[in-house]
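Just below is one structure, and these are the notes that go with it.
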């Protein structure tokens, strides 16, 4: 195993990788932008290297500076996590050429899966079903002709894309030109590649993906599925394993897992990866969507049900170790659900909310996991994704996991920005969700007119507000004995108080 | 299910029960002594009732006041947790007579298992192997004769006992009278019952116990074993599931689990209980030690490997619900290890350490669970057990669980009292422990001369000390802009600072 | 001391004073005896009868953000003043819903627009945000330009009702 | 400002002063430029070159309790004074190792005792704690009695070397 790892990322996933490294005895170096100088990841890493200004184009996307930082700090490997350079084959190649280990698949595999049209051709050849589609070479007229052939509704997608960027549903031929233009613009910005393609759109769709792990010795396993159908703006907000759809359909699960392995094998895949499928809930047909050649945001639900630490396995595989288990050793036990807590306003089209986090208190309870990169005093800024935390509950059954997750959401204190916590609680309570009838349109269908709860102000809130103002005012009547419980605090006011002590 | 539960306990287990109730939508009432008025359990419960002064005899052992509190607050049930009145059949009877539900077995079952001699007779009749023993009726001479017949070494134990109180190993006939006297005194204080008995003492002993659950409809299951061989002063400090000894001996596991079920059935047991066995590591023989007719301190390791929430199941069973699973539905997956973090000095005979907790920061990491009832500002007092927290790690394999637990121990900050954290880390690293060769004498054998690490003082510690003193002094040079990250804090000094912002 | 808070257009007056080891808090006709249990790190714990309540409080400018149980409240500390809604009829300014950069301005001054029509494209957090007309109207004045970074609530254009 | 700390019988002098946005800290010949990142709730985070270090600090009386990584240190703020060990030869007092109640006194004044012999039984936290003779000796004076509650470090009896 290597001794020192550079983490080419930020936020909660950088923190999560640091924690994995601590268990393995690996030292960590994080790179950071000026906006993240005081971040939790920088605090927890063994060393931290400033690589630029807040815009990602001047820091987290600067491959040259990241590799230089790895060299200077004596790292042997680079973990890209997700987003930023994680699916950039050129970066993986540069890391390799600098004599460092890239914690991920080969540049060739990234490349092959990165261009959606090439990926589709490859997996189709490997016998994996794909959606009827048009690969998007040509002029507007070509797209229009192809769209008519595919039939509406259809999806416009970025050829180099991922994470929903540049993606649009088109239900009417008249909307096609505007959709193509907007998608091309977004794709160009996000991926520096504005090529598009078209695809059949399934109305009652479930998004189900299969996690795979492959070592450098020819061993490959799957770690079962995750269902990620609960999405808003085409981005996942609730993910779970097992899929409620597959619980009663073990043969379909097996077929999908085998298809995922074939897809990964078709590009000689190594390390952790995820094969995404769309499942037609009416017919049970499944189609390959794309392969994410990296760790996923939602990897914790797989970790909860399989007991496999995916990040530690990524590091072991990158270091050349063989997989420590075979397929038959793996299991999928209990039920895990993750929800992503965002600084956003679900009643205002999920607009991100920026601001200072005045108070953050994560919940603590058995079998609750909180992955977060921020704490009280940090800010949600315009520069990065406004995710505050991932909250994961694990229990024996799905209903218990839902209750556990809801209790943890209720206890999560985040002050200073609008969050989607009340929204997530309402989604967990929604009858279709509770029955496991989760399709990708559930949010837009059932929550289009959602409004946050607006409870009347209880007297206890006024009492708390008045007390805190009174304490802050430092009224002389408050000069009781100094806080017995906190006798030393360099930042406590001299007239610290404690009554009833 | 009942609507409101009274928790007749304190500390971490009261907090743990409150968390279970939140997931089930049950309101909670805790009783508390004057020493616990500001405790976390009181803070988290829906309501809290003061029942007396700090000594347990005036509060947590006052059955009358506890039942009165339950009546006044409209509770339908009482959870005794462990310690205090949890194994007091008279209390269970009083609760029942007050028209309330006792969350535990019937008074008759508590009584039958509470008197060790009766318990032994019952389980022996049910075909469960027991240790050769003497039931301790008679004078000193009778004990001496019986001891000679059993052979040395032997154990002196309290007939009404539990938790190691009143227990002594005697290796030499000359030590017997003093041991009997001391044990009788301790037993009389702890249990108001100074009767004793003698038992064969096994040198290479493993302490392995089986968790069972039984509903009121005749259904009973086991939830596999826990090994609790790592003990100091006859009290468990590290517990795990599965037992390293049974991993390679599935038939022995099955035999022990079946014996546990027979033992429980012999007294018509309902609710959660634990059957404790001693296993002779040389011969593989196992003997019934006792049945704990309550929740155990170490229940979280079973919860981690079975995904069963034992506290929630206790409540469901008490409310009359049938078990929601059969034996075949249960599994034991991965490996979980718990260690108990105590305020004590392992280099001074594990003497408890009292004092204020100046700073407590529990670790946060995937698959780490912290059960604790204290936080910064609380005190460890003479009145109660000095346990600060239980730290539980769960992973796919035992070596991974050990690494995970060690990393979490390393990150646990507790200032103000001496803790056993450095000691626990050394136990986790000990070769016999790492190989799973865990017997009850490991601590006294390998750690008799243990001394805490005494690292040289690094400059960074002096820098931190000087900075904190400087900040506390409020030197005028520090008046920078007010803390951007914490703009409102009623207890912040007016000249709050933040540099580099 | 007396404190005044505004919440959801209502004004509240709260009197709080020390009374021995406790605090006496008066809200209208209701009087509460409150014991302070703990105050640290944004957390305020207080006893009210047989309940111990936990509030978390943060302050941003003149706004108190307060969490109590699973509920959150924003209380304004500002001197009470009747908030004026945008003048009826006439024209009203349309503001940015968040901090971001203007990517495109899709209308011109004087143009007549329909309800729902996109007027300005903003980019924030790598997402495109579309500012649309809240009603049919005429663009009276443009107040932003392409490339400009705008703050939340900054006016982007004035829109007159037809 | 200059601060003096004692640790493990050694005395340390540390000079710390503000230097622009940072702090200049001098320990002996070594000078460090330290940037403060965060200070809240007992946590002190500071930058030292490319390392960001986290210390947790609590103070009890004149003792600073400090955690840095997995290590803990106790620093004394007291004015330095050479600690006197108990006088050699002669008699020394034997103290309670923790707060507790005296359950039994097993020796009398004048009695000669062997190393390891139990002298006093204390009860604390529901456990029996036995105070034993650290060496052979003679009990010069009893300083506690049955039922008495004693503090940690309170002398229980004086024991003279033989």
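In this document, chain identifiers A, B, C and D correspond to the written order of the chains, with residue numbering beginning at 1 in each.
The rule is simple: a residue touches a chain if its C-beta (ideal position, glycine included) is under 8 Å from a C-beta of that chain, and two chains touch if they have at least 3 such contacts.
If you're wondering where the values come from, they're calculated on a predicted model, not measured in any experiment.
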_Which chains sit in contact with both members of the pair chain A and chain D?_
B, C
*Between chain B and chain A, distance of the C-alpha-averaged centres to the nearest whole Å*: 37
_Nearest whole angstrom, what separates the Cα centre of chain A from the Cα centre of chain C?_
29
*asked:* Please tell me the distance, in whole Å, between the geometric centres of chain C and chain D computed from their C-alpha atoms.
replied: 53
*Interface hub residues of chain D, defined as touching at least two other chains*: 37-42, 44, 57-60, 64
_Please output the residue numbers of chain B that touch at least 2 other chains, ranges allowed._
37-38, 356, 358, 376-377, 410-411, 467-469, 471, 485-491, 500
*With chains as vertices joined when they touch, what's the shape: line, ring, star, complete or other?*
complete
*Quick one: in the complex, what on chain A touches chain D?*
37-38, 42-49, 73, 376-377, 486-491
*Mind pulling up the chain D residues that touch chain A in the complex?*
37-42, 44-45, 50-52, 54, 57-61, 64
_chain C-facing residues of chain D, complex_ = 40-41
*Within their complex, state which residues of chain B touch chain D.*
165, 182, 186, 189-190, 233, 348-349, 351-356, 358-359, 361, 376, 382-386, 409-411, 413, 415-416, 425, 453-455, 457-471, 473, 475, 477-478, 485-486, 497-500
*Hey, which residues of chain D end up touching chain B in the complex?*
1, 3, 5, 7-8, 10, 12, 14-18, 21-23, 25, 27, 30, 32, 34-44, 46, 48, 53, 55-60, 64-73, 75, 77, 97-100, 124-129, 152
